[in-house]
Amino acid sequence: MNAENNPSSSPASSASTPEVAVPQAVPAGFFGAYLASKGIAVENLGSDATGMEQIRLTAENALPAAEALKHHPDSPMDLLLSVAGVDLLTHRESVYHVQSILSSQFLIIKIAANEKDEAPSLFAVWPAVDWHEREAFDLYGIVYQGHPDLRRILMPTYWEGFPLRKDYKQEDPRLVWNNR
Amino acid sequence: MMMMSTPSSTLTPPDVKPMQGVSVEKGFDTNDLVVNIGPQHPSTHGVLRLITTLNGEVVKDMEPVIGYLHRSKEKMAESRSLFQYQPTIDRVEYLSSFYDHLAFVNCVEKIAGLGVPKRVEYIRMITLELNRITSHLLWFGTFLLDLGASTPFFWAFRDREEVFTLFEKLTGARMMYNYYRFGGVNADLPSGWLNEVRKFIDDFPRRLDEYEAVATKNPIVLDRTIGQGILTKETCLQFGVTGPALRAAGYAADLRKTNPYSCYNEVEFEVPVATEADTYARYVVRVQEMRESLKIIRQCIDNIPGGDGGELGLLKAKVDEATKAKKKDPTIEVPAWNSDWDMFGKKINLLTYKPPAGEASVFVESPRGVLGCYMVTDGTPKAARVKWRGASFSNLSCLPALMKGHMYSDLMAIFGSLDVIMPEVDR
Amino acid sequence: MMSTTSWITSIADILPKLPQMLWDWWLTLPDAVPAFTVGLIVFGIAALMGQLAAIVMVLMERKVLSWFTQRKGPNRVGPLGALQTIADGVKLLFKEDIMNDAQDKFLFTLAPAIFLFPVFVMFTLVPFSSTLIGVSLPVGLLALFALSSISVIGVVLAGWASNNKFSLLGGMRSAAQAISYEIPLVLSLLGVVLLTGTMDLSKIIEAQRGGLLHWFGIFLAPVSFLIFYTASLAEVNRVPFDLPEAESELVGGYNTEYSGMKFATFFLAEYAGLFIISAICAAVFFGGYYSPFGGLIVEQTGFNVWLANTLGVHQLAQLIPQAEMLLWMLSKTYVFVYMAMLIRGTLPRLKPDELMGFSWKFLLPVALINVLMIAFVKLFLMDFALNLVSAWVYLGIALLIGIFGIGGFCLWISRSFTKQLQSRLLKQV
Amino acid sequence: MMMMVSEQTQASASLAGKTTTDVIKQSTNSLVVDGLKEITRGLLTVLKQHNTDPITLEYPEVMPELSDRFHGRLSLLSKSDGTDLCIGCQACARVCPCDDLIQIEMHRDADKKPVIDRFTIDLGRCIFCGNCTEVCPVDCIKFLPDFELADYSREALVLDKKDLTLNGEESDQWRKEHGLAVTVA
């Protein structure tokens, strides 16, 4: 009950009215067009099977594009849902799922890692990527440049290799599934 | 010299100066106490380890260590066919595993373009909302147990078992259901099942009132929850916190309402929201969500196409027989049948099923927040990549920021109010 | 050289005289030794009673809590599970006694004993009937609370010697809690002591002989009773004041590291302590061993005399009232034990800072005011009732003080205190 | 649609139409009295449960009622005349999520009829998911409502064909209870 000891108890959101999401129907390629209007070139990957827009960013324009998306005037993409590493055999890719609470639009951002498995971290824009990027680093070995605390999270610290890579082999006879 | 190694002497600072006046800070050489809470601890709800630095009883710093329950669910997907993998995803979030299955089968249905009959969607909605009630009941019981009240825990488990008995009659299992199928469900409702559900939802509000009589306005509960662990909108977004915690912070963000899946656009319900963002607000939102779930279930039972399972099964048998006979004798009349009543949109051979190559991301509103499944298929029976987005993973990551400056005994109340379960964090 | 026969005859001579000789020897001893021996025997009986009470109460608690939650409770060992606690005790007796290297072994072993023995000594001070009392002290009440405060040393020692951080926190909390709640506890009894003018428990009970209306807990000092019951629950670490062993925070608190018989000792002492405070509640506030209808039923109705005459056993005339007294005392005690269990089944536990605040900011002022008010009641309504002149003078002063003092405090309690608390709560929302 | 949400959210902002702030304000109007009142209400609610009937079952004496879909011990049904129903198609082994839990060896006799040489299920690793029962083309491998499967060794949990197979009458009984065509030849 010590109010003075409690930094998170500042009455920032006291007694405000609830904000209600207003779903908007947006045309295909909405966010890609928006980024293009901002002068950021993105590769448009169309929609996936669930109708979410997918874009691919390069390492250079990832941060400005993310910044622009977060401050989109109509549907600010403020909620980062997950970061999925994907092993494409040729290279590895991180897939960011972001959502706008206000317009409840989803967007999928793909950023490919380079040959040294380096990719830009979006921590500066969405701090929520913290644990998610650590997980992708842990399981895929994608090194996020600019992440403040990139350590293993799920596997033990002494673990060797990155288990979710397709070429990962664990030579333990008990793990028969690796041989299938 | 021997005495120096005894534990009693280690806490004595080497050069204690005699106290001058009343200046406590000069007189005492104080150390922070590092307490290792977990991985086995009554209140960490699984195997979570919290390395906590305490100053007296005030939390100065905290670092969660996770991974003790890591069972490589995502790696398992790459070595099993989709149907073979499906039973194991019950274990991703075992307290509400219908939600895992919903996200998973929805992914496959979206990638393969499988239609789902309306009756199946209603069955799914009934099971989902019942599962939300069981999950919230478990949270309710353990939350109050963390606060120190033991009786509501048993009451909650009593009612939870009642729902589990309903689930057992439907799916054959009490917790690990493996019930949904691509484009349908495993089996139709048993005869009389809907009436039993109706009996439960008629009786449940009375018991919920009993729970609330014990807890909701109890001065000790109020004192321990109000104003504690304030998780503002900004902090929620900073850590990706979703679900009741986000709604308690003043966002009416519920995917059932904003991005309706299944047939949630056909039922009427409210999204409980509070603006106070504290532990009590999260409590209130969850309790209210249970009442809303009852409302949804009641509408689903009233409106489910085909009604109860028993007679519909007999009719289906007649239809099948007549259809078969009609091929030989075209004069036979086939009884009327609505495609809404089907159990499968398109019956697929689970043994050899190969979805086309594609990608899908499905997010559903699980009791703990947004549960997501991201699936990449490559035309083989196995998925190239299945990523689970557990709500607890993000919700847990805000705990250190939330706990700093609070008393140690607030830890359990605040952690309990986030409703984190570890299998979903570690997967 | 004596023959074997003479040995035998001499023994045969001595043997009948032996009890007399032993008795003579006993009388030649210094006074302290017989007193000490009698004390030991009394203590032994009290310890036995304490253990029996604890065994019954552990079973009762498990049964009662299971009834609240629609379970059956222990029902396998013995008829209706009556022997369950004994079976548990035997299990604990044979369990391995685990101690690790870093523990202070001497203190670690000593702590449960320090925790347990004062509780057993307290059993000798509680009157279960007018004659069934181990030691009838004129300062019985004071002795009881002097003894009860020793137990906390055991808890602090256990927390310290365990070399476990959870245990240490539990021990420290326990120390703070016991010290804080001792004060309202004693203050609440002060009112009764004022009213009766004695600290002898038997005399306090005798003062309530008149029945329901004379019980202090009903009309004369109900606030004292509430404060006493609350504070004594804290004193014996019961819910909602069970912070020292809050299992959801501190795993097991001070007894985290204990196993086997040592753990059983803590367990036993806690329940024996609950029994003691319930018994004191019954004795001090609810007429002790007298019935609610005044006196004893068998004496009022003359049943004991009639029965003794009918059966021709005249000792019965004394025994039957004693049995009734025991019955009343035990049933009243178990009502309070049941209440503690009901509270345990319902309430969550407080936070440490709230616990302290509750004691110092609420219970203590209320207890002080309560003592003051009882003192006024005693002065004006009882002592000065005959001397009307001085009564009017003092009553006038009392009214003034009452209006400005008590009234002001009550206002503060209900308005300012509430407002303050409300604004504090709302500020954080 | 969304207007409805906003109205409802306002109304349902918390318990019984009150916000957290309301609850505090109300309960602190006189904290002591209201607190005691609420505690008493809680105590009475708990006390009311004292006389309710227990719902626990004393397990070995009272068996729980299990539904006919219950996922218990796996078994192999036979034809009505008691001969093997299993055709050794390996479908169950292929959909099992637990590695080589089901092992089947078979050969075909002179009439090209399948003969099952070996059929073992390792119940120690079975997760009772029901995949095998679902894909079986002849409705042979099925669950029994039998959950008392504990044994003293891991080896004893590996059931072979003899342990698993139900005789003709039992199989007919099972099929009757589950609404399948009873006579299978």
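Should a chain be cited, it is by its letter among A, B, C and D, assigned in written order, with residues numbered from 1 in that chain.
In the analysis below, a contact is a pair of C-beta atoms (placed from the backbone, for glycine too) under 8 Å apart; a residue touches a chain by one contact, two chains touch by 3 or more.
A quick note: this is a predicted structure, and the numbers were derived from the prediction, not measured.
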Larger contact count among C-D and A-B belongs to A-B
Chain located farthest away, centre of chain D as origin (C-alpha): C
Which one chain sits nearest the middle, judging by mean Cα positions? B
Note: chain D sits from chain C at a C-alpha centroid distance in Å of 51
Here the gap between chain A and chain C, centre to centre from mean Cα coordinates and rounded to Å, is 62
Taking each chain's mean CA coordinate, chain A and chain B are separated, in whole Å, by 22
Dist(centroid_CA(chain A), centroid_CA(chain D)) in Å evaluates to 38
In chain B, residues with contacts to at least two other chains: 151, 158, 214-215, 218, 222-223, 226-227, 230, 252, 257, 273-276, 278, 407
So which stretches of chain C touch two or more other chains? 68-71, 345-347, 351, 353-354, 425, 427-429
Residues of chain A touching at least two other chains: 1-3, 6, 9, 14-15, 17-18, 20-21, 23, 177
In their complex, what parts of chain D are in touch with chain B? 5-6, 8-9, 11-15, 19-21, 23-24, 27, 31, 34-35, 38-39, 41-42, 45-46, 49, 55, 66-67, 69-71, 91, 94-97, 127-131, 134-135, 143
Chain B touches which residues of chain C in the complex? 65, 68-71, 102-104, 160, 163, 165-166, 169, 239-240, 242-243, 246-249, 251, 344-354, 425, 427-429
Chain D partner, complex, touching residues on chain C are 64, 66-72, 75, 342-343, 345-347, 413-414, 417-418, 421-422, 425-426, 429
Contact footprint of chain C on chain D as seen in their complex: 20-21, 24-25, 28-32, 39, 42-43, 45-47, 49-56, 58
In the complex, the residues of chain B that touch chain A are 58, 66-67, 70, 72, 74-76, 78-79, 107, 110-111, 113, 223, 227, 229-235, 237-240, 242, 246, 249-253, 255, 257-259, 273-277, 358-363, 370, 372, 374, 376, 384-385, 387, 389, 393-394, 397, 401-402, 404-407, 426-427
